[in-house]
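In the two complexes that follow, chain A is the common piece, with chain B as its partner first and chain C second.
Moving on to the complex of A and B:
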C-alpha cells in the first residue's frame, strides 16, 4: 500500500472508530439499545420508507438533490464562467459581479428566499407544474454552486498557457472553436479536482434543505427523535454524521489522488 | 415585480431593533468563532508539524471528520450531546435547570471546530511553502525547532495564507446563519421572525442577504489591508495579490 492509501484508510477507520467511541461514552450501558434503535430506523433514515420499500426520502433524497443541483449548476456555471472570460469587457464585469454576489450569499438565506420566492404552481403552455419543496431545494442549492463552478471554469481556462490561444489563432481557428476544441479539453482535467470539491461541498450543504420541508435525512432524523424519545437524539445525529462521512470521505480521497496525479504530470 | 417591493417595514423601530440585535449576535458569533478557529488552526498545525505521538493521529481524525460532514449536523449533535451529558447547573433561586453551554456556545464551538479543521490544513500548506533556505538559515543561527516554528515558519505561513484564511472566515460567517436553527437569536433568526409577522419574505430575505454581503465584503477588504500591511518585502508578494 502506498503512503496515501495508508493515510486515507487510517482516516476512514479512525473516524468510524471515533464516532463509535463517542457513542459508547454517551450511552455506556445503553449502547446496545441505542444501536438497536438505529438499526430499526436505518431503512427510514436511508430511504425515507420502512423496509426499504421506497426510494427518494431520507439520505437518498440528499444524494438525489445534490446530483440534480450539480447538474443544473454545471450547465449554468459553464455559461456564467464563459461570460466571465468573454472578450466583451461589459459582459465580463457583469458576470464577475453576479458570480461574486452568488458566492457570498449564505446558502441558508438563498434556500429560505427560494422557499417563498418560487411560486407553488407554474403553468407552462397550459401544463400546471407543482413546485415541490424538493424542487425548490434543488434550485436553491444550485444558485451558490453555480458561482463556484463558474469560478472553477474561469480558473481552468486561465490555467491553459496563452501560447495555445496564439497558436490556434495563427492556424485560423475562431474563438468558439479555440475554446471548444483546444482550450476546454486541456482545461477540463485541471478543473476536475475543483469541480469534485464543489460537489462534496454541495453534498454536505444538502443538510440545509431541512428548512424547506423536504423529507431529507435530517427531517426524518427529527421525526425519529420525536417518536423514539430525546434520549436517542445524540445517537441519531451520530448516525447521520456517519452517513455523510461515508459518502463524502471517499470523494475527498479521490479528489486528492486526482490532484496529486495532476501535479505529478506537470 | 421588482417595483412592487415593500420596504416600509424597515422603518418600524421594533424590526430595526430586532435586526440590530441579531446583527450584534451574528458579529459576536463570528468574532469569537474566528478567534477560536485561528487558535485551533495554529495548535493543530503545530501538533501535526511536530509529529506529536498520540495527538497527531487524533488531530488528523478530527480534520477528516469535521471536513467531511455537514456543519449543521455537527451543530445539532453538539447541541443534543451536551444536553445529554447533563452539562447543566441548577439555578439556586428558581430551581430551574440551565444548560452550562448555551446555544450560543454550541454554535461558536461547532463553527470553530469545523472551520478550525479547514484552518489547520490551510496553515499546514502555508508552512510547507516556507522556503527550505529560510528554515536552514534559522538552523544555522542556532534556533531550536520550536523557535524556528514560532519565529520563522508560523509568521511566514500565516502571512502567506491570508487569502485562503480570508475565504475560510467568509465561509464561517456564511455558515453562522445556521445558528438560527438552534434558536440562537442571530440576524437570520430575527429575519425569519419578521417574515412570519409581515409575510414580506422576499423583501426581508433581500435585506438579510445584503447584510451578509456587507459583512463579508468588509471582512475581505480588511483582510486585504492586513495582507498589505504585513507584506514581507521581496517575499511571497505574488501570493498576496
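Moving on to the complex of A and C:
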C-alpha cells in the first residue's frame, strides 16, 4: 500500500472511531440503546420512508439534490465560463460581473430568496408545473455552483499554454475549432480536481436545503428527534455527520489522488 | 514554382506594428524570392518574431502592405479568409507547440483533414512519408511528451509540411534545444532548402545562415538595418550596428 493510501485509510477509520468515541462519552451505559434507535430510524434517515420501501427523502434527497444541482450548474457554468473567455470584451465583462455576483451570494440567502422569489406554480405553454421545495432547493443551490464551475472552466482554459492557440491558428484552425479540438481536451483534466472539490462542497451544502422545507436528512432528523425524544438528538446528529462524511471523504481522497497524478504527469 | 522569377514571392513594404505604446516594427520592408532561404537575425526584442508572424497573419499590422504570392495579407480579416494563406504558409515554433494529447501521427494528420478537408487515406500516406523524411519512422504512436526536444521539433516540421505549404516560417526553432539536437533539426531544414522550399528563418545559428541562406536580413529596434547575400553580409558588413552585433555572436 502506498503512503497516500495508508494515510487515507487511517483518516477514514480515525474519523469513524472519533464519532463512536463521542457517542460513547455522551451516552455511556445508554450507548446500546442509542445505537438501537439509530438502527431503527436508519431507513427513515436514509430514504425518507420506513423499511426502505421508498426513495427520494432523507439522505437520498441530499444525494439527488446535489446531483441535479451539479448537472444544472455544469451546463450553465460551461456557457458562463465560455462567455468569460469570449473574444468580445462586452460579453466577457458582463459574464465576469454575473459570475462574481453569483459567487459572492451566500448559499443560505440564495435558498431563502428562491423560496420567496420562485412561484409555486409556473405555467409553460398551458402546462402547470408545481415548483416544489425540492425543485427550489435544486435551483437555488445551482446558482452559486454555476459560478464556481464557470471559474474552474475559465482557469482550465487559461492553464493551456498560449503556444497551443498560436500553433493551431497557424495550421488554419478557427477559434471554435481550437477550443473544441485542442484546448478543451487539454483543459478538462486540469479542471477535474476543481470540479470534484466543487461537487463535494455542493454536497455538504445540501444540508442547507432544510430551510426550504424539503424532506432532506436534516429535516427527517428533526422529525425523528421530535418523536423519539431530545435524549437521542446528539446521536441522530452524529449519525447524520457520519453519513455526510462517508459520502464526501472518498470523493476528497479521489480528488487528491487525481491532483497528484496530474502534477506527476506534467 | 508558378510565379515568374522576376516577381518576388514575398513582398513586405513599410509595415508598422505597435503593442500599446511600444512600437515593435517601424517601417520594415523586405522581399524574398520563391525557393530562397531567408534568414532574419538581430538582437532579441528587435521585432524579428513579430515580422515573421506578420507573414502568415498571426499578427496584424497597423500600416503597410504584405504580399505573399497572390495574397494581400494585411487585407485578410476573418479566420475564414486566412485559411488559404495558412495552407500556403506553414510555421514551426521555438517551443514546438505540438498537441500533447495527440499522438505523433495525429498531430501531423489533424489539420490537413480537419482544416483542408483532405482525404484521410491520402493524408495518412503523406504523414508516414513525412515521418520517414524527418527520420522518425516508428514513432507514429508516441505522444510528444515521450520524445526528445529534437524529435518533437522534427515532428513539428513534419506537421508543417503536411499542410503542403509553399513557404515555411521557422521561429528560432533550435533555440530551445540541447546543442547535440540542433544539428538534427538544421539538417532537416537544409534538406528542405535544397528541395526548393521557400524558407524564412528567424535564427541565432549564424553558421547555418552563412551556409544555407540566399539572403540575410538584420533587424534592430524595429527597422531593417541591412540585408544582402551572406558572403557580403557576414564578411563585409557596412552598418556599425551590424558590425558590433556580428562581433558579439560570431
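Quick note on the criterion: the second predicted complex is superposed on the first by the 266 of 266 C-alpha atoms of A that agree within 3 Å, B and C clash if a C-alpha of one lies under 4 Å from a C-alpha of the other, contacts with A are read in each partner's own complex, and residues count from 1 in each chain.
Going forward, a residue touches a chain if its C-beta (ideal position, glycine included) is under 8 Å from a C-beta of that chain, and two chains touch if they have at least 3 such contacts.
These numbers were taken from a predicted model, which means no experiment stands behind them.
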Combined model on chain A where chain B meets chain C, clash or fit: fit
First (chain B), second (chain C), both or neither touched by A:185: second
Touching partner for A:171 - first (chain B), second (chain C), both, neither: second
Partner chain in contact with A:245 - chain B first, chain C second, else both or neither: first
Chain C, chain A and chain B - angle at the middle CA centre, rounded to the nearest 10 degrees: 100
First (chain B), second (chain C), both or neither touched by A:163: second
First, second, both or neither for A:11, with chain B first and chain C second: first
In the superposition, chain B vs chain C on chain A residues touched: B
First, second, both or neither for A:116, with chain B first and chain C second: first
Partner chain(s) touched by A:97 [first = chain B, second = chain C, both, neither]: neither
Per-pair minimum CA distance [chain C against chain B, superposed on A] in Å: 22
Contact residues of chain A, present in both the chain B and the chain C interface: none
Contact footprint of chain A on chain C as seen in their complex: 56, 58, 79-80, 82-83, 86-87, 90-91, 93, 95, 97-101, 110-111, 114-116, 156, 159, 163
Residue ranges of chain B touching chain A (in the complex, touch as defined): 57, 60-61, 64-65, 67-74, 76-77, 80-81, 84-85, 170, 173-175, 177-178, 180-181, 188, 192, 195, 201-202, 205-206, 208-209, 212-213, 216-217
Chain A residues touching chain B - in the complex, by the definition given at the top: 7, 10-12, 14-15, 18-19, 22, 26, 101, 104-110, 112-113, 115-117, 200, 204-208, 210-211, 218, 230-231, 233-234, 237-238, 240-241, 244-245, 248-249, 252
Interfacial residue positions of chain A with respect to chain C in the complex: 161, 163-164, 166-175, 177, 181-182, 185-186
